[in-house]
Structure formats: structure tokens, C-alpha cells
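The structure's right below; bear with me while I get my questions together.
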Amino acid sequence: MKIKPLLDRVLIKTEDAEETTKSGIVLAAKSVEKPQIARVIAVGPGGEVDGKEIKMYLKEGDRVISAKYSGTEVKVDGEEYTIVKQSDILAVVE
Amino acid sequence: MKIKPLLDRVLIKTEDAEETTKSGIVLAAKSVEKPQIARVIAVGPGGEVDGKEIKMYLKEGDRVISAKYSGTEVKVDGEEYTIVKQSDILAVVE
Amino acid sequence: MKIKPLLDRVLIKTEDAEETTKSGIVLAAKSVEKPQIARVIAVGPGGEVDGKEIKMYLKEGDRVISAKYSGTEVKVDGEEYTIVKQSDILAVVE
Amino acid sequence: MKIKPLLDRVLIKTEDAEETTKSGIVLAAKSVEKPQIARVIAVGPGGEVDGKEIKMYLKEGDRVISAKYSGTEVKVDGEEYTIVKQSDILAVVE
Amino acid sequence: MKIKPLLDRVLIKTEDAEETTKSGIVLAAKSVEKPQIARVIAVGPGGEVDGKEIKMYLKEGDRVISAKYSGTEVKVDGEEYTIVKQSDILAVVE
Amino acid sequence: MKIKPLLDRVLIKTEDAEETTKSGIVLAAKSVEKPQIARVIAVGPGGEVDGKEIKMYLKEGDRVISAKYSGTEVKVDGEEYTIVKQSDILAVVE
Amino acid sequence: MKIKPLLDRVLIKTEDAEETTKSGIVLAAKSVEKPQIARVIAVGPGGEVDGKEIKMYLKEGDRVISAKYSGTEVKVDGEEYTIVKQSDILAVVE
């Protein structure tokens, strides 16, 4: 099953957390706050939203930080995704 | 009885859940979260909404994901439907 | 007494519920959820609302589905009506 | 003392309720819900409100139905009135 | 100390209540609801507010009715005033 | 440390209260309500805010009345200030 | 990992508090309220936001005061940052 976002929406998937503290100790996923980093899985075509033409500047594969509590969580084929408006993506992580 | 949505509204019907987990076990509808997937039953004609001309890009038969809690549930002839604005449809599923 | 809606407003009257289940059994009004179907009794003339020119596409006698909790209920000459904006009518039923 | 509404405002006075049920029995004011019918006492001059030019289509003496809970109640010379925006008047009653 | 309202604001002062009932009995201020009548003390110069040019139509000395709970109460030199936007003044009383 | 407000913001500092009642008795700061009078310490450069060009009409040293609860309180070098939008300043006091 | 804010967003990092009272005594971080001063770490490219072209006037290294409770806190590589819209930055501190 393939999810194709409409208009200015973006399908993202939160990354599994595996974080190394500054001192170099790897913490298990349970003991750390999940970073708010997600991978862009699919990008809508853009178009007119509320009377304004929206261009998409994100692309598949981008690693991004999204606003907390934004978007709609969906579960398809046992996998959890979030669909957010492109404007709710705050930053790209490189 | 036939329901004809007005303006930019879309009549959708939630699909019955029958989901296969990744490992291939078929779960009965009770034990899984209903996926938020619905079938488009009828599409309004579009037109001017809040002073903006809306074109309809969804069509009858599309399988879609809608925003949770959006729209109005209606029960006609014993069947449950939801009427949503086209802009509350987040993605098409193929 | 005659109620003449102003601007883009529509006077509707909820229909009495008498519904047949799929298996053909007629249920009394008490045991079924009232369908959200109403009859259009009178239609305002349209005109400029919030700086936008509104044309009326509904007409007297239409059977419609309105958004729940929208509009204002009025009781005139012992009859209950609802006055809604035309844009709160979701669909026409045929 | 004379109250002159400003801009798009209308001064209305709720009518005393004296209602006849369908079977013809006159009910005293206490036992019936007050109908939401009011008499227009004075009409503002219209003019520019929120950057839009408003024309007044109501006139002194009109009997109208107003949206519940809209407007501001004022008591002047022992009489109770309500000042509402013209757009909060839903219908004219004839 | 002189208070000069900015833009579309108006400085008003609630009048002391001394009201005569219809039967002609003068009630002391304590036993009656304060009428919502105020005297205009000073009027701002108008100008551009939220991108719209506002002209002032109220003038010093006008007796007005303001929307309840609107404006900001200020106490200067032991006197209580309210500063409201001109658009929160509902009517002029003559 | 010098605070330079951005855009249409104004840095103000509430004045110490020392108020004389009408009868001429000077009350200590504790027993009177603090007047809502503040001194303008710094004024932003103005510019485009929400697509509208804002001109600054307040200047350093003005004594002003601000809307209650507006703005953000900041403490810098042990002194308390408030940063408000110019449009939240209701009046100038002379 | 490098965080690149999108559109009109700015990445800031709250400064460690080390404040000297007026009398010259240095207080430890625990005993003082954290000043609301942050350092700008990265600035988005600006561009069209809600149909308006936004130019960025902040630059990396600026010390700024932001509105309380604005923005989204992110934790990346063990460091805490906040991503805010440029318009939520109230003032520059020099």
C-alpha cells in the first residue's frame, strides 16, 4: 500500500532513537527522550491551499524536525507514520 | 436515497478493517485499530467557498486517509458515512 | 406568521424519522437515531456577506443534510425550525 | 432618552409572548418559551465596518428573529433593549 | 494629568446612576443596576489600524453605551476611566 | 546591556507609584493600586509586520498607559521591563 | 548533526545565567531567575510565509530576547535548542 500525500502535505516517519551522550555512552531507547527527528517518506504535489500557491521545498529522504503535536498519525501495514503540512516542518537536519 | 455533497465536500465511507501484520497473521477487526482509510462515495461539484474557487481533485472510488475528528457523520438507509471538506483529506492510498 | 430568512440563511425543518432497516423492519421513531435530514422551507435572497457576494443554490423543498449543532433553533406558531447559513448545509438528498 | 445605534448596529426590543398552541389554547407567558421575536426600534446609519461598506436593509418597526446570545442588553429608562449587529438578525417575520 | 488616547481609542467615564422608575420613584444608586451609559472624555486621532484607515465619529461630551467587558479600566488621579476602541461603542444616547 | 526592540515593539518600564488622593493625602506604594503608567525606554524601528507597514508614533521618554496583561516581562541587569507592541499602548499621559 | 531552520525560523540557544546584582554580588545560576536571553545559532533563509515575503533581519551570533512559551524545544546531540519564528524574537541585546 502506498500513501500519496495531497497538496502541501508531507508523510514522515519518526526515526528510532539511538543516541550517544556527550561522554560517549550509548543509551537504550527507553532511557532517552525520543529526538523529534523524522525521515520524509513522501511529499505532496503542492498547489493552491487557502488561495495561496504552495511550492514544495522538502524532498523524499530529508531528515527533519517537526513541531510537536502537529499532524495526524496514521498506521498503515503495521507501520506508523505522521502526515503534516510542509509548513509544520521546522528544520532540516544534516 | 442518494447523497449529493455540496460545494467542496466529499462523502466517504470507512473501510472494514482486515489487516495482516508484517509476520502475516490476519487479525480480526476487534483486535486491531481501525485504519483511517475510507472510500470516496461521492464528490461535490466544487465552486466558490469563502471567496475562493475550489477545484475537486478527488474522484469516486479513491481510497483516502482523512484527518481524525474531521467532518460530520451521517446515517442514511442504515449505512454510516462521513461528509468532509476535500481539504480534510490528507492522502490518497494506492 | 411567515419567516423570511435574511442574506445567505436558509430556514429548514427536520423531517419526522421513520426508517426501515436493511432487513425491512420498520422501527418506531423512538428506537432509531433521528436522521439528520431536513426539508428546506425558505431560502434567503443571498447578497453580500463579509464582503463576498453569495448566490443561493438551494431552493424551497430540497431535502438536505446539515452540519450538527449548526444554526439557531426557532419556535414559531408551535412549530420548530432551524435557521442555518447555506454553507452549513452539507449535502442534498435525492 | 433616545438611543441611536452606531454603524451597522440595530436596537431591538423583545416582544411580549402571547402564544396560541395549535389546538387554539392561549398559554400565559410563564408557561411558554418566549419566542425569539423582537421589534426593531432603531437602525444605525451603516458605513465602513472592518474595511467593508455596510448597507442597512432593516428598518424601524420590522419584526425579526435574532441569533441567541448575540448582542448587548441595555436598560434605559426602565426598559430593556438589545443592541445587535444587523448581521446577527437571522430572519424577518411577517 | 491628561490622558490622550492613541489611534482609534476613546476615553470614557461611566456616569453616576440616578434613575427614575416608570412609576416615578427615584432609586438610590445602590438599588439599581448601573446603566451602561458613559461620557466621552477624550477621543484619539484615528489613523491606520490593522491596515485600515479609521475616522473618528465620536466627540468629547457624547453620552454613549459601550459593550460590556470591553476596554481597559484605568485609574488616574483617583478617578476611574475606561479606554475602549471606538468600534466598541454601540450607541449614542441623546 | 542595552535592549533594542525589534519591529513595532516598545520597551517600557512601569513607574513607581506615589499617588496623592483627591483630599491631598500621600499614600505609600503598598496601599494604592499601582497606576498602569509606564515610561517608554526604547522604541523599535517599525517596518513590515504581518504584511503591513508600521510607523512608530511613540518616542523615548513618553509616559503611556498599556493594556493590562499585554506584552512580555523581561528582567535584565536586575531591572524589570515590559516589551509590548506599539498597538498595545492605549494612551499617552501628559 | 547540523540543524538548518526552514523559512522564517531561527534556531536559538538559551544562555547560561550568571548574573551580577546591582550591588555587585555574583549569584549562582540556581538562585536567580534565568534571563530570557538566547544566542542565535542559525537563521532560516526567509521566503514566502502565509503569502507574505519574509526577509530575515537577525543573524547568527545575535543575542536576543524571545517571547516566553514561544517556539519548539528540540534536543539534538545532547544539547537543547529552541526553534522560533523570527517574529517571536522581541528584542536584540547589545
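Read from first to last, the chains carry the letters A, B, C, D, E, F and G; within each, the first residue is number 1.
Throughout what follows, a contact is a pair of C-beta atoms (placed from the backbone, for glycine too) under 8 Å apart; a residue touches a chain by one contact, two chains touch by 3 or more.
Because the structure is a prediction, the values reported are computed rather than measured.
The two copies, chain E and chain F, are related by a rotation of 50°, based on C-alpha atoms and rounded to the nearest 5. Centres computed as Cα averages put chain B at a distance of 52 Å from chain F. For this pair, chain F with chain G, the centres built from the Cα atoms lie 23 Å apart. Of all residues in chain B, those touching 2 or more other chains are 51, listed in ascending order. Contact topology of the protein chains: cyclic, one closed ring where each chain has exactly two touching partners. From chain E, with the walk directed at chain F, the chains encountered around the ring are E, F, G, A, B, C, D.
Taken together, the chain A residues at the contact with chain B in this complex read 1-7, 9, 11, 44, 49-51, 72, 74-78, 83. By the touch rule above, chain F contacts chain E in their complex via residues 19, 21-22, 33, 35-37, 51-52, 57, 65, 67-68, 87, 89-94.
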